[in-house]
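Okay, so chain A shows up in both of these, paired with chain B first and chain C after.
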Partner chain A sequence: MVPSTLEAPRTRTGSARSLRTHRWRRTAGRAATGWAFAGPGTLLVVGLSIFPAVWAFLISRTRWNGIAPARDLGWGNYQRMVEDPELWESVRHTLLLTALFVPSSIAFGLVVAIALSQPIRLIRFYRTCIFVPFVASAAATGILAGYVFNPQFGSANELLRRLGLPAQQFLEDPRQVLVVICLIALWGQVGFVAVIYLAALQDIPKDLVEAATVDGASRWQVFWHVTVPALRPVTVFTGVWQTITVLQLFDLVFTTTRGGPLNASQTVVYYVYELAFQTQRYGYGSAVAYGLFAFTMLLTVAMILYSRRAKVEAF
Partner chain B sequence: MAATVKRRRLPFSPWHLLLMPLSLTFALPLLQMVLTSFMTAADINRFPPRLIPTQLSLAGYQALFAESQILRWLANTVVVAAISIVGHLVLCSLAGYGFARLRFPGRTLGFFAMVATVMVPIQLLMIPTFLMFSRLGIANTLAAAFVPWLASAFGIFLMRQFFLSLPRELEEAARLDGCGTFGAFRRIVLPLAKPALATLAVFTLLGSWNDLVWPLIAISDERWYTLQVGLTSFQGTRRTQFELLMAGNVVATMPLLIGFVLAQRWFVASMTFTGLNR
Partner chain C sequence: MRHDVRRAFAAGISALVLALAGCTSGAPEDDGKDAAEGYDPNAKVTLTWWTGQSAEAQNILEGLAKEYQALHPNVTLNVSSGAATTDELLTKLSAGFTSGTYPDISYAYGSWATELGQSGRTQDLKAFVAEPATAWEEIPPAARATATVEGRVIGVPALVDNLGLIYNKKLFDAAGLPHPTDDWSWDDFRAAAKKLTDPSKNIYGTAYSVSGSEDTTWHLWPLLWQKGGRILDPGGAPAFNSDAGVAALEYLRQLAVVDKSMYLDQTDEKYAPLFYSGNVGMIISGPWVLYDLKEQKVDYGVSFLPGFDGNHETVSGPDLWVLLDHEDPNRAGAARDFVRWLTSKEIDAKWNLTFGNLPLRSSEQGTPEFAAYVKEYAPGAQKFFDNLANAKQPRPTVTGYVEMSRYVGEAISKVLQGAAEPKAALDDAAQRAKPALEDR
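Coming up: the complex of A and B.
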């Protein structure tokens, strides 16, 4: 242990033994105080994830429906993942959704933040409007989206009709469904990203922008060479955060399409839910969830390492 | 000269061309939700669809209150949110302080184990947690909805970041005046942490109020549904009764929405706070 600054300087008067017991007591005392503070919260958080996660690993090595005795399969479930076409389909959907959602939420959030940081009229009204969907739950959002994107009487098609564009099937078209889910997720999340960028924009030193302007940089050049680099730590943070969010996006899929039509919006998390709670395949479901966990962890670690190497202090 | 006058009057800015349609896109669906909840079924099925109801109707709300236990679900949700907020404020501030300021064996390991839990997908935990709750006898009760919300890695991390930013001298002065560790925490540090605690309360309220996955899995008795589970239970059975669905949506969304609009500054300050304390 690193000696704390409060530790008394060593004295030569006490014998070696009493010094040792003294030290031990101090360490024990510090441990007791420290864990009295940190213990309850940590125990709850770790207990509700590490313990179930270990249990899930044991389950993932069995064939089990929750009722009949579990049968040990070793790595069987994991081998099966490799040749499960439905899994790879859901991986493809998840990656597509991530590729659509993460860059667009960051780019869109940044543009909205810059627009909302302008000293113009109605700006508080605009901020309220753009942020308010973030407060709505995924359940409410999903039900509302089902209404707005209803092919027969939804207002989305009505808008297209007035613009002279052909009507769409939206959530009922396997080729459109992921894009529409991405749009719905953006509707709810852009306000959050924008608020984080708004705060970061205010932190950019004004003289930096002024100096660049004096040196003859155009507004566009200032944006690319001053603003964007200054925001990089926030961008890395938001990128990791939004990636974890979209990889684990469940409630929106559940309340809009339940994985349909024709499994076109079945993502990995939805597949796990279906395996576990619709078809009671606890073992295989846990194995797939472990695959997702490993992937999330690899991706997060890679992004953090990259940001460390690029000297972005986001974490 | 004209330029200065114009600047003072805030001339039309091209940003409005971006922001006006954008804000309407963001706000109109929620307005439509409210308006639709007051429509008659005839108005909803009219073609072309209309935004404004021809007559105000309470049919959706009447059906909602008569055919579902929505008030009970609302009460359940309020209880879950209240317990979650209290749990978070107490446990996360204590743990955050411990990790930020106290030195004790196991601190680093404990902290990293706690932060690492963020990456574990809920879907991995669903099955064992469901089994665990069943064996503890809290599956199918309100406790199933709030126990996972009593503390969170996010909350502990947020509080730790805040405490790290406070100058150490404050507590050292209190310690010299004879305060114990806990006394210094409660009397000196905690009062200074109000902005962080407010942020934590806002996020816990949003999270626990809007949580769907946990209660969906752990609660099957309709009496113990939260609003979100109740809403999704409508989906299967009342797909065509949009006035009822929207009325349910309004009941589930309005408390937070009104709270947000009334306390917007405070809300956004909270969000900003997290962004700054990344």
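Coming up: the complex of A and C.
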């Protein structure tokens, strides 16, 4: 019996150990299965988002032209951002463009969505027509618009002439250029907003509208007190979405004006492009890009917090 | 388990960061040794060649690569365009330097020469170009200067060009004006531009790009040089805001702002098509438009640039075959041998002249290929070839030229759009360019 008493504790410890090993194996096995699913996606995210982002941050602390050895500047590039008038000019243009574009794209989108939700013939055809410009690449839109708005040879001035209005400089007038770019961007983006609103409009319970009508509400009152509040989550979402879109607007500026005339249409993203790829100041360009990233991130987080607190449920 | 994953992830990220930090800062030092020292011409080597060309031009070069390999069975050439467009080649090269997978031979714009020289990856060809077999002296001096960066020769010119005056004969005849000649002064040019301009018909005397790019900037340089000015002073500081520079820009301002006879193109791309369509009477451009002029069947003529006080100097923007060092004398030597063959009088004719570019060497003038080229691209080809002699000064190959060019381009575009005076605008550009030029 001696051996058995001696063996007993050994067996106990042995079984506990094997149990632990077993458990560990099970967890490891589960983790492996999990990673088998999540791995490829993680690799993509790390390779295509985190890796470039980390690299861009390292570059943003150097002076580097892409070829010759980089020189460490610490926070020098970020300090320089504060006192760069050209950067603040481009921030001003970007904010102005945002203020022009976001409300008008939401308003137009809503109007178009309401029009497209009416029971009229060929409605599917009209819906497709509105959505097509959104599918077309912004670069193509920009090149096309460049011809339309050319002051000497474009059809926009031809139209004004027929209407008896004076010819305009459009994209070549520093005071008009942002408005014209906003118009071109609207042409491409309204379809997107309209489609989202169209879906949301169909989600509004019919009995709510009927009940309001029975209670004596006019069509305008129904729209203002039933439809608009029901659309609020969608409005917050499109607001944030369109803001991010316009903050990152690049292709339209590139194909129509290259930031001109006299830098009047230079947005922040275009300025980053010019710094990095036109004058090869990758370090400073990355720093500005990081500034824009921080701003967009702040804005998005603020909107999410707002929508949670106000229970809008946009996100 | 979760902690382990997190720790592993964090370790991975920091490894990545370290690797990257290593990548961006480490460039090989120049040890002063010739890259091809100890080259064995019979060794088996594989070379990578980025041509920077697409479509038709690429086909011609691939054919030449095959021809060379037939002559040298021990050499294998991996030919590719390198990037989707030539502009993207610099980005591709910089990525290649970071990852260590750069080619042996690459096409490059002349304005990149300084940057590439500083990468520490280029061969120094000083000894190679001194050999009589390279016939270095036959290549235009401005192009040779562009290939020479701070005393090192980093490549061999691949293509040469220059700016001349191209005019629409029909518009001149319709306005009853005599055609431009090689002895034209800029006053003649201004008077003609004024007469050609007809707003009711959307016709402009001439055009200028105000995009603020290098295309905007380099059009000013010939006028500056003709006035006796220089871009940089001998110490490397900006000198373009001298009286000569101001006078040159003032001349352009009068055409654009006072006479309104100059179409201002907000991009670099509209003025040439407007010339083809007969909306612009004269453009300052180079041999690269000859192909389109022929395709569009434009009735055009070419002359030297107009001059100030009889000086008809022009500017050239040569491109290069840059030779890169892989610390393998056999590869370095084989790359040199190939480029010597490619840029030789006989083979260059098969590439540059066939594709409509100017010949690289003065000695090509007597070849049958040159005669065929002149005939095919008449009347521009011969004139642009003769105009090579007027390209006397190179654009500076110094660090910071690209950045400086941007500021000058912006100054020009401001002045031509009536938003600034030449003196103030150029002074401002010089002020902003100073740090970029001093930082070596």
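Going forward, the second predicted complex is superposed on the first by the 290 of 315 C-alpha atoms of A that agree within 3 Å, B and C clash if a C-alpha of one lies under 4 Å from a C-alpha of the other, contacts with A are read in each partner's own complex, and residues count from 1 in each chain.
By our rule, a residue touches a chain if its C-beta (ideal position, glycine included) is under 8 Å from a C-beta of that chain, and two chains touch if they have at least 3 such contacts.
Everything numeric in this text was worked out from a predicted model, so none of it was measured.
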With both complexes overlaid on chain A, does A:R92 touch chain B (first), chain C (second), both or neither?
neither
Is A:E172 contacted by the first partner chain B, the second partner chain C, both or neither?
second
Check the residue A:T27 against both partner chains and state whether it touches chain B (first), chain C (second), both, or neither.
both
Which chain, chain B or chain C, ends up touching more residues of chain A in the combined arrangement?
B
Can A:R281 be said to touch chain B (first), chain C (second), both, or neither?
second
For A:L262 in the superposed arrangement: first (chain B), second (chain C), both or neither?
second
For A:I50, is the partner it touches chain B (first), chain C (second), both, or none of the two (neither)?
both
Quick check on the superposed pair: does A:A136 touch chain B, chain C, both, or neither? Answer first, second, both or neither.
first
Go through the superposed model and pick first if A:A68 touches only chain B, second if only chain C, both, or neither.
second
Which residues of chain A are in contact with chain B in one complex and with chain C in the other?
27, 31, 46, 50-51, 55, 59, 66, 146, 153, 277
Please name which positions on chain A make contact with chain C in the complex.
27-28, 31, 46, 50-51, 54-55, 58-59, 62-70, 72, 146, 152-153, 171-172, 257-258, 260-263, 274, 277-281
So in the complex, which bits of chain C are touching chain A?
1, 5, 12-13, 16-17, 20-21, 24-27, 90-91, 93-94, 97, 115-116, 118-120, 202, 210-213, 263-264, 266-267, 274, 279, 399, 402-403, 406, 410, 413-414, 417, 419, 439
Given the complex with chain A, which residues does chain B contribute to the contact?
10, 13, 15-16, 18-20, 22-27, 29-30, 32-33, 36, 44-49, 51, 91-92, 94-99, 102-107, 110-111, 113-114, 117-129, 131-132, 147-148, 150-153, 155-156, 181, 185, 206, 209-210, 212-213, 216-217, 227-229, 231-232, 234-235, 242, 245-246, 248-249, 252-253, 256-257, 260-261, 264, 268, 271-272, 274-276, 278
Across the complex, what residues on chain A touch chain B?
1-2, 4, 27, 30-31, 33-42, 44-46, 48-53, 55-56, 59, 66, 111-112, 115-116, 118-122, 124-133, 135-140, 142-148, 153-155, 158, 161, 187, 190-192, 195-200, 203, 233-234, 237, 244, 247-248, 250-251, 254-255, 269, 272-273, 276-277, 282, 285-286, 289-290, 292-293, 296-297, 300, 314-315
